[in-house]
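Labels A, B and C are assigned to the chains in the order they are written; within every chain, residues are numbered from 1.
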Amino acid sequence: MQFTAKDIAFMLNGTVEGDPLVAVNHLAKIEEGSTGSLSFLANPKYEPYLYTTNASVVIVNNSQELTAPVNTTLIRVENAYGAFSLLLEKYNTIKLNKSGIEQPSFIHSSVKIGAEPYIGAFAYISQDVVMGDNCKIYPGCYIADNVKLGNNVTLFPGVKVYFDCVIGNDVVIHSGAIIGSDGFGFAPNADGTFSKVAQIGNVVIEDNVEVGANTTIDRATMGSTYIRKGAKLDNLVQIAHNVDIGQNTVIAAQTGIAGSTKLGENVMLGGQVGVVGHITIAKGTQVQAQSGVSRNITEEGKKWAGSPAIGYTADMRSNVVVSRLPELEKRVNELEKIITELKKKGD
Amino acid sequence: MQFTAKDIAFMLNGTVEGDPLVAVNHLAKIEEGSTGSLSFLANPKYEPYLYTTNASVVIVNNSQELTAPVNTTLIRVENAYGAFSLLLEKYNTIKLNKSGIEQPSFIHSSVKIGAEPYIGAFAYISQDVVMGDNCKIYPGCYIADNVKLGNNVTLFPGVKVYFDCVIGNDVVIHSGAIIGSDGFGFAPNADGTFSKVAQIGNVVIEDNVEVGANTTIDRATMGSTYIRKGAKLDNLVQIAHNVDIGQNTVIAAQTGIAGSTKLGENVMLGGQVGVVGHITIAKGTQVQAQSGVSRNITEEGKKWAGSPAIGYTADMRSNVVVSRLPELEKRVNELEKIITELKKKGD
Amino acid sequence: MQFTAKDIAFMLNGTVEGDPLVAVNHLAKIEEGSTGSLSFLANPKYEPYLYTTNASVVIVNNSQELTAPVNTTLIRVENAYGAFSLLLEKYNTIKLNKSGIEQPSFIHSSVKIGAEPYIGAFAYISQDVVMGDNCKIYPGCYIADNVKLGNNVTLFPGVKVYFDCVIGNDVVIHSGAIIGSDGFGFAPNADGTFSKVAQIGNVVIEDNVEVGANTTIDRATMGSTYIRKGAKLDNLVQIAHNVDIGQNTVIAAQTGIAGSTKLGENVMLGGQVGVVGHITIAKGTQVQAQSGVSRNITEEGKKWAGSPAIGYTADMRSNVVVSRLPELEKRVNELEKIITELKKKGD
């Protein structure tokens, strides 16, 4: 793909400053731009690169003032960051523009497929699956009996969805994610062995959710494990049975949520956080990476840190003292010595 | 599937109280029951739902007394929880009742397959593999050369088993789990590079083990990595080379065990626990989520917590003081000031 | 495979002491040796086993002195450990000696395949992929559009490589690893929802890298996520977008590196470590398992521990005091009481 500055300015409703016929064929950061690069400048911190970049074209805000000569062609737009994001998205759409049904794939005769599907080779779509329009099922995916997919669902290569799960519209699931594996439920027996508790519920993923690579979401024992509208899960996240992840909640990589816990809306969890089972986390809660949440959080919009998690500021303060604990202990030793002497004198 | 209250009472050896012909077609929690639901009541905490539930049928203990009118049909049995678990299990068995060999699959001519197999499309079964009876190999699984599977082994979609591994009877491995990948062994060279140490051992999984989704179990450098009889591993667990996991040991999600460590029987590890390499953990040890075990644990049946782990109660107490450390430090500052003054006076 | 002591001595340029015709057919640790085993002795700690082992042949150093009668055949070599490692490697090479292109596989007509490939059944190799010589692509792997592989690349079963990624020579990637999934980038909107930031960069894996099972490496937003020459990543590791992992850096299992962080050469990270985004870690840094690195580390070759990480020795010392914090608090309580009394007296 190759475009001229003029083409791009037309797409973005912008104006060209410089050579309108200069051609670009890839996107790059302004500091890494080379001949053929299209870049952007939005953050003033990066302005110095505007005067030194080798990018052929740079998108800037209309308001951008120039304090030195510029060797590149500029495209001025209302919002440079927004305009560039739009280009990124278009670029990606073109990159991921697969369609048709490849062979060999395994599609049960009972499957209902919406308009304009992509089904890659070695994909397996089982009995009574229903797929909406514009679904992209990449190679090696597995969709078990009775799964429902909405419109515009993308399953990247190797995603596995167990039976009865329900996936909404505009959902993206990255490679290797497992949806609907058994919850971890075992009843102890008198002889020390464990009996499996059958896990017959499902997973419900609502609209606009994104699930990261190799993330695992277990089916409910009964009922459903929920990932609500707009939630975003990073890679290698673990969601246990009967968990309920609130709308627009964001969970960073390697975090785990134990069974039956309910996260409110717009919660943000850092990476490697652990949340125990059977608790409720209030709306807008933010939890620092590597923290461990072991109790209900009822107050909305607060920040937490530490394992076990306490208030974020309190945790920061405690951490500082932890690093000088050996010294603190010495000071207490010293005080005890002095006191003993003072008492002797006093007697 | 649809059953009457009478059918179910017959299966469970129970007695019907109410309409024996009312029909149910799914299982639900008592608090979420609707027309057609079959529920149960075992925990007295949930008794109020018995009088308000919309479930068509509820299984209760023979001993259950009624303190208000009930609108649903009851089935009385000796042990309501046990009876319901039995139904869950039967339900699951029906759900997972796949059989036959689907095409295209790849089965080497030397493979020995037991009675009544299920081998899904895109499954790959390599040279000299031996499979017992009633094995279910879901689509996209890979079983390398010379692997042995016992009877009643279920590999959910996308499980990969490397060469020479041995899997016992009644083992369930969830999607995406990797059995027998190389142990992480590299010998440092003088120039800062590393040379791989070949990993030629295997993994031995004994009877009645369950392995969670996307869990990884590395093959031994030499000899075997063992997962002993009845052990249960959750999702995203990491078991390094030459580890030995004891009988009936239970490991929650995202926990990692470093190389050559030996866990005793009936150990329980919470989620996100780390255990260092080359240590031994005594029988019956319990470790709190997110803890880090860095030394041998020789005393049986004790609880541990913290990173590095100390006794559970000691850790709980230390955590409380950690949260008031800034205050403690201020108190020591104050004491030092007073002492300095007292000493001045004393001089 | 079966060899005589004489054959092996010839391969290793060693001398036989005992029966040159005794046959061995597998490798084993000296303490686990049985008839037909070939073992080695390098670590003096294991010398007692030399006199009791059932291994048929043991490789020892030329310098090894015998303090008791030996019942097994010895092969004496300059460096017993090195010689045995060589055998391990040869054994592994034979074990993994797959070749040819199996059917059904999916190979786009535009793909360029080097000499002596192995492409397993159900592997998917997409448009414009270029593969070097001696590549082994195991069953169920997926290689997206425009990916480049060097020579001697091994992708174990089920590896997924997203579009545009570049993999160097002599790279090994274990089962279930995901290369090039989208970075976790979402821009918050005023209504609490998030808009995806398209991730159009790639992943570049340089020569001699090994990547563990189910590890995830995200593509850059723009530009590249780098895994430099000779780096070794264990299982279930998370590498976020735009991260740069230095040459010969070693990362143990379940560790996660957040976005845009740069690790220097020969860094060593223990298991379950977390490193925040947008920082730089100096060459030769070593970080203890379960630590959390939250700031730039500029001094080379230092050891760190704790979450947040501080100097290793300081952390060890603080941990000791943490475990006696409840006692320390009591001592401060006691001091306060005494001081109050002393002050009373003084007044």
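Note that contacts are C-beta pairs under 8 Å (C-beta built on N, C-alpha and C of every residue); 3 or more make two chains touch, one makes a residue touch a chain.
Since this is a predicted model, take the numbers as computed values, not measurements.
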Fitted rotation between chain A and its twin chain C in degrees, CA, nearest 5 = 120
Same or different: do the copies chain B and chain C touch each other through matching residue numbers, with over half of them shared?
-> different
Chain centre separation (chain B, chain C; CA means) in Å | 25
What parts of chain A, by residue number, touch at least two of the other chains?
-> 104, 122, 140, 158, 176, 214, 236, 254, 272, 307, 322, 325, 328, 332, 335, 339, 342
Please give the residue numbers of chain C that touch chain B in the complex, ascending.
-> 27-29, 32, 85, 88-89, 91-92, 95, 102, 104, 120-122, 138-140, 156-158, 172, 174-176, 208, 210, 212-214, 230, 232, 234-236, 247-248, 250, 252-254, 265-266, 271-272, 289-290, 307, 319, 322-323, 325-326, 328-329, 332, 335-336, 339, 342-343, 346
Partner chain B, residues of chain A touching it in the complex = 104, 106, 122, 124, 140, 142, 144-145, 158, 160, 162-163, 176, 178, 181-182, 184, 186-187, 192-200, 214, 216, 218, 222-223, 236, 238, 240, 254, 256, 258, 272, 274, 276, 292, 306-308, 310, 314, 317-318, 320-322, 324-325, 328, 331-332, 335, 338-339, 342, 345
